[in-house]
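Labels run A, B and C following the written order; every chain starts at residue 1.
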């Protein structure tokens, strides 16, 4: 079966200098895939390359049958990929409900089904839908950010370090939400700093270093790999 | 001086002047928050609006309030046009370059006004208007409708921002531009809307200044500082803050005459501006600081 | 006769170019090297002109003055006064983005204009200050003009030399580092506000000197002597067209723009009277348009900033994150 997303040997960076020197990542339509690696390995950059946020100078990115290399983010959103940045990922001065509404900006017609779907995933948000997003706690903000991204019914959700700065309790909750989201038929590609926990929870993982693929495999395989363990998992 | 005198001679004229500043300050605050630069041609756009209304008033013989919509639409179109021709291609450059360009635009608009209408003071209607007395308050009709129109226009704008899809898109762009773009909000449309609103309100500000005082080519430039002081006092990005700021600056300018020579009325706005930057740059209602 | 007239005109032009070059050099310190937007050049110019006028002019009934100090004391005083006016403004506004400084400098110029117009005891309001001594003013006309031109050029040369040396010193490198990447400079523990304040004050001091040179050249100064918007704009266009960040460019820009400006004045003076007034405003329109064109098509100027590494102001956005 062909994967939903297939990055092959992608090279590029923000300005003239390349940060990615050949990254290849596949995500199947029912998978949660995690990218881990040391600081500066290009994890977030690899994810942003899918979303058209940097200049790519080589490789290919196939999504659902289309070559989306260097498409504008706008077009990529409409094609079915949504992206949740690591920071500044909500509209602070708008209510939760308005945040979701902005997420569905490109959608025509009735939004009630989309709201229902998101509020079902995040019942906490439904209760506080009129609350200003900026006044929420870190974990709740992350939920708003994910909810916003899910409003367009994407096929693939990109999450950039969704658990950064969250307590272990919230981390577990976010991971659980990811599983729930996957259960609704959305594939997830996420970047994680907490490599151990993330590999334990994801279906498959990629280890990047210095802008290149280093290892790949199922979460369990990578966790068992001695080299990987030495690299980041604290031995 | 009795309390009534204070109200009649300082507070009421201050609130009227403040309403006029408020209209311009709302545009400034929106442009500052959404496009993220200080637009220095705002005052001269108001001048243009006032003169366009003058042309309509003298050409068609209708009252200035009837000419207001024409002036607002015309000025809004000019604002959109200026953005397309002069500002749009500077968007990728540091914002301060656009600030500089806008100062040049201010000069260009003013000189167009001076070439077409000259530099003499004009007025919409001749003759002296006597104030009416309500419970001891001396108020002119035009003062009442200046304040009412300001409240009506700003109220409409706030409703638009709170309820409509594109109003929310404007707030989103002001709140978090990157995320707004990631959400697929069309930046060009938001920018255009911002200019339509800012231009229209500017024209209203100019027309009301013309109704209450006189129409001359420097009128808008002289309002620039008070309008910026109002926007910063209220908190950049806060529409209701700009109104509050406008009223405070207007009243403060009128009251300053009690302690300062009247030549320095215009300095009041500058003092308020520096004071706010010194003690509370986010403004009274917690706006942005760029 | 024709030849002498031409020579006189050239001397006159030379003096004005020299004065404007000083203003452009001052603006270059502020904008070209520190990225600070000063929209009130005319205000600092006026402070310098009036300070020197008060210090050097003979006693006159009803206003402050009668110190009759030598002209160089007046000029030094002009620089100090303009720098001091810049201090509180910079102190308050330099913490923020330059937009705020732009507004504040418009404000300060406006207030200076009000003070100049209305403070009888300080500036003699609308009548202005007259009898300002001019160095070598007793010589016959042409020699006197030539002598004054030499003084202006000497001042300009000295300022150019000092500014240029300062730019190549660690101070200048730090200024550019701050301008091009404020975050990195901050992370390195640089005192950004302090450096900016210095640049703002130095630039203002040069503008004050320009004002003083102007007042002594005319032997008088009145509120109507210069149009604030025109002066401010001309200097901006001079700097940007000449090459922001490049001191030679600032001087070259002053020469080019002043010549164009004077030629346009000569051209419009030929028009019949009823058009001549309109022509004045058309010329204002053209200055504004010229600024737009330069910003759009030639932002790096005729002489671009010498690139050291990758420090081109037009390319580096202060907004960029990451």
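Everything that follows uses one rule, which is that a contact is a pair of C-beta atoms (placed from the backbone, for glycine too) under 8 Å apart; a residue touches a chain by one contact, two chains touch by 3 or more.
Not measured: the values here are computed from a predicted model.
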item	value
Distance-maximising chain from subunit A - centres being C-alpha averages	C
Chain pair, most C-beta pairs within the contact cut-off	B-C
Interchain centroid distance [CA atoms averaged], subunit A/subunit C, Å	54
Distance from subunit C to subunit B - Cα centre to Cα centre, in angstrom	31
Whole-Å separation of chain centres (CA-atom averages), subunit A against subunit B	44
Residue ranges of subunit B touching subunit C (in the complex, touch as defined)	32, 36-38, 40, 86, 89-90, 92-97, 99-101, 103-108, 110-112, 114-115, 224-225, 228, 232, 261, 263-264, 266-267, 269-270, 273-274, 277-278, 281, 289-290
Residues on subunit B engaged by subunit A in the complex (per definition of touch)	165, 168-169, 171-172, 175-176, 178-185
Residue numbers on subunit C that touch subunit B, as the complex places them	35, 37, 39, 88-89, 92-93, 95-100, 102-104, 106-108, 110-111, 114, 117-118, 229, 233, 236, 278, 281-282, 284-285, 287-289, 291-292, 295-296, 299, 313-314, 316-319
Partner subunit B, residues of subunit A touching it in the complex	51, 73-74, 77-78, 83, 85, 88-94, 98, 101-103, 105-106, 148, 152
